[in-house]
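What follows is chain A paired twice: with chain B in the first complex and chain C in the second.
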Partner chain A sequence: MAEKILMKGNEAIAVSAIRNGVDGYFGYPITPQSEVMETLMKEKPWETTGMVVLQAESEVSSINMVYGGASCGKKVMTSSSSPGISLMCEGISYIAGSELPCVIVNVMRGGPGLGTIQPSQSDYTQCVKGGGHGDYHCMVLAPASAQDMYDFVDWGFELAFKYRNPVIVLADGIIGQLMEKVELRPVKPRRTEEEILRVAPWATTGKPAGRERNIITSLSLDSTTQENFNKKLLAKYESIKENEVRFSEYMTDDAEYLFVAFGCSSRICEAATDILRQEGIKAGLLRPITLFPFPEKEIARLAGQVKSIMSIELNLGQMVEDVRLAANGRCPVGFYGRQGGIVFTPEEIAGEFKKFNNLK
Partner chain B sequence: MDTLDIKRPENIVYRKPALITDNVMHYCPGCSHGTVHKLIAEVIEEMGIQDKTVGISPVGCSVFAYNYIDIDWQEAAHGRAPALATATKRLCPDKYVFTYQGDGDLASIGTAEIIHACSRGENIVVIFINNGIYGMTGGQMAPTTLLGMKTSTTPYGRDAKLNGFPLKITEMLAALDGTAYITRQSVHTAAAARKAKNAIRKGFEYSHLGIGLSFIEIVSTCNSGWKLSPVEANKWMVENMFAKYPLGDIKDTSIAEKK
Partner chain C sequence: MKEEIIIAGFGGQGVLSMGKILAYSAIMQDLEVTWMPSYGPEMRGGTANVCVIISDRKISSPIITTYDTAIILNQQSLDKFEKSVKSGGLLIYDPSGITRMPERTDITVCSIDAIEVAAELGNAKVYNMAVLGAYLKTKPSLKMENVVKGLEKSIPSRYKDLIEKNREAIEKGMERVKILSGK
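Moving on to the complex of A and B:
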């Protein structure tokens, strides 16, 4: 039987990085995710797998270390929380513009500004729509458990290298801090130099005789070249939308009402769904696991089945815009959220649900 | 001696380094960049490390350095080259990793990155082109612009009260324990270029000894930005820039001392 260990979501990220053959982690301390780097430093993977772990002087620097490491075809990652992610947005834009693979973990806290260190989901728009300058998308994965934190590191790198695109694991303070049983998957060794040459022939590994020099850049001064590149990115994003959407459904088969929620909110909505079902109300839940690509088709289909949809988020209403676009008028779409680190209870959501749907 | 004779291999005394590409350089005539590129290409060629070298180009006129030297390149965001170089060297310790940065890139927007790369003692080489001006964006004040020097954002001359003082970042970096070799050179004469090349070579060699960061400042001309002819620009540099930025080694930590 696979080994199960009780650990925090943040610790799961670190343990998973070491066990999944990640080559480098570059970070800067920020609450509520500092356990990621602390765990890595404690584990000393440079003595076992050879993984590089480095505390940078800022998030600006750590994301640019990721940029440099990814340019070498290595599996590199960073983690931070909301204000730190804002600082990284320049680098993320360059990474997307240079078509480099990497994994970035955002353990969200409340904002704007310095905000609160309590959990929040208010970086949905920043991470899903872009964040930095220019037309680009990161693939965004939304974990809802410590096990997801562990599993999404490896899945993130798989996607990142498949599409040569940055991947954001969009967690929140609850998922980062909560302790749960985590099943350790089989170890994957780090890639050898030969494997890197095979999976990343574009990498800057030193130019041998007989191949063109590899140049990692996002610069194209010629407008036509830039437009063609933008169209190439668009085609990539369309392909991601076509092939990589992932979601889970709970009680949707006969649902007359639907919750849409991601991350920790989806778990609370599951409990709210149970409460409503006990009262004879046929509620169901769709949890987007990928936020980009967004499960548009599934929400559109369910919008034709249910009487209404409610988007439940720990913010002022960000994902609800995408839910409305997906529902496209097929049914009313409502929203309920809490902010500032306050987390709703299942009873609170059930109550708000009944208010929205005029149910007793 | 007719043209054919000159082209005979036995008569060639000077040639383009093999690692300089055939791309037409966009640098202005008289600019120091071309010469420094050539010196770097010669060093890499002479050391036989083309397949082990990764260059990091900056934002600034030399953003296109990757078009001219035939090695693998990463093009960094403005000021961030030392962060890219840090990761590249740590993840690929057998590689020779160097950044090529101007004064705006290194001494203004990228001060945090260069200071901490130096402080950590990253085993990389930094080539720092100091011409006291932002060339690519059209001649604005740089952190290294001399007092009284006219630029498009100091049209009446740099005034310490208004714009602060010129930043001698090279001396600052020499104070950091992680730096192995800090020198200031120029390429305005053949003799100076030879010294600069030796300094670059020493930097590349040091970067494989694990003794810390090597930093080679090249005091350079920007005749377009300075609005001087190439000859006048060299003269102005000798008389004014060298007074503030004197040439020579500032720090050379020998291997014995480090051990």
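Moving on to the complex of A and C:
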């Protein structure tokens, strides 16, 4: 049996990065995710796998170090929390515009501005819809446990290299700070130079004679070239929507009412579903695991089955817009959220659910 | 089986590490656990608390507002969490940390003079393990062998010589716990 270790979600990110052959981590400390870099510094992977761990002078620097490392075909990543992610958005847009793979972890805290250091999900719109300028999408994965934090690093790199696209792991202060049992998967060694040439033939690894130059850029001064590139990105995003949607369902088979919630909120909604079921109310839960691509087909299907849907989020109502688009009028869609770092309880959600649905 | 526990006291009393050792012990017994700290601009001397859930099934919400057991190490925490213990639940407190007695009559109340245990063992750092011992005695769901394994997993290797001391403190805590009211 694989070893099971008690660790925080943040620690799981760091341990997973080392064990999955990540080449470089560049970051800048910020609560509630500082344990990511603290764990990396404690583990000293540069002495074992040769992984580079570097504290940059700011988030602007760390994302541009990621840009550089990714250009060379390396598996590179960063992590931060909300205000730090805002600083990175220019770099993320450049990385998306240069079609480079990388993993960015956002352990969200309350905002706007410096906000609070407590858990929040208020960067949904920022991370799922863009954040930086220009028509682009990051693939966005929403972990709900320490095990997910461990597993999504590897999955994130797999997707990032498959589509040459940045991947955001969108966690929150709860998932970052929560300690749970984590099963360590088999180790994947760092890629050799030969393997990098094979998986990333586009990378700037040094031009041999007889090969065209590999150019990494997001600049195109010719409008037609740029439009063609935008269309190429669109085709990529369509392919991602077609092939990479992931979600999980709880008690939806016979559900008459549906919760949609991601990350920590999905776990609290699972408990709320149990409370309602005990009272004989047929509630169910859909948890989007990928936020881009969004499980719109499954929500549309369930919207035809249930009497109503409630989107439960730690923000003022962001994902609910996508839930409404997916439901497309098939059933009423409501919202309940808490903000500022306050986390709702299962009982609170069950109560709000009954209010919304006029149930006693 | 599902047990929802809050451990609350001052920062520096070992509240978080007690929770971690408890959680690790449960993992060694093949149970599911969550360990959720109150995090914030905390500092030594400020308040600290952690919620630990132990269950034989997958745990959904790690966020809880009522508790089967509250382990209380200072007055602020008693004021805050006494009312949140489920009826029929358990409250364990250290009398040297509080200025008024718990008032609930529908729960089991126990006390542990853990400062005394730590003083006898000549090591202030094992204070929290005496408290843990009191809990393990009152709620004997975890086997001692698994607790020792949990200790070994949780204590950094440079402090390995402290494992025996911690174990002693747990055992003394088990001996010294006083059941004041309830079952």
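Quick note on the criterion: the second predicted complex is superposed on the first by the 360 of 360 C-alpha atoms of A that agree within 3 Å, B and C clash if a C-alpha of one lies under 4 Å from a C-alpha of the other, contacts with A are read in each partner's own complex, and residues count from 1 in each chain.
Rule of thumb we're sticking to: a residue touches a chain if its C-beta (ideal position, glycine included) is under 8 Å from a C-beta of that chain, and two chains touch if they have at least 3 such contacts.
Every value quoted in this text rests on a predicted model; they were computed, and no experiment measured them.
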| item | value |
| --- | --- |
| Contacts of A:234 with chain B and chain C, given as first, second, both or neither | neither |
| Partner chain in contact with A:23 - chain B first, chain C second, else both or neither | first |
| Which of chain B and chain C A:178 touches, first, second, both or neither | second |
| Partner chain(s) touched by A:205 [first = chain B, second = chain C, both, neither] | first |
| Residues of chain A touched, compared between chain B and chain C (which is higher) | B |
| Partner chain in contact with A:32 - chain B first, chain C second, else both or neither | second |
| First, second, both or neither for A:215, with chain B first and chain C second | first |
| First, second, both or neither for A:187, with chain B first and chain C second | neither |
| Touched partner set for A:71, first chain B, second chain C, both or neither | first |
| Overlapping contact positions on chain A, where the chain C interface meets the chain B interface | none |
| Residues of chain A touching chain C in the complex | 4-6, 31-32, 117-118, 173-174, 177-181, 264, 267-268, 270-272, 274, 343-347 |
| List of chain B residues in touch with chain A within their complex | 50-54, 56, 63, 66, 70-77, 80, 83-88, 90-92, 95, 112-113, 115-116 |
| Contact set on chain A toward chain B in their complex | 23-24, 26, 52, 54, 56-58, 60-62, 64-69, 71-72, 74, 76, 90-91, 94, 98, 204-209, 213-219 |
| Residues of chain C defined as touching chain A within the complex | 20, 23-24, 27, 32-37, 39-41, 60-65, 153-154 |
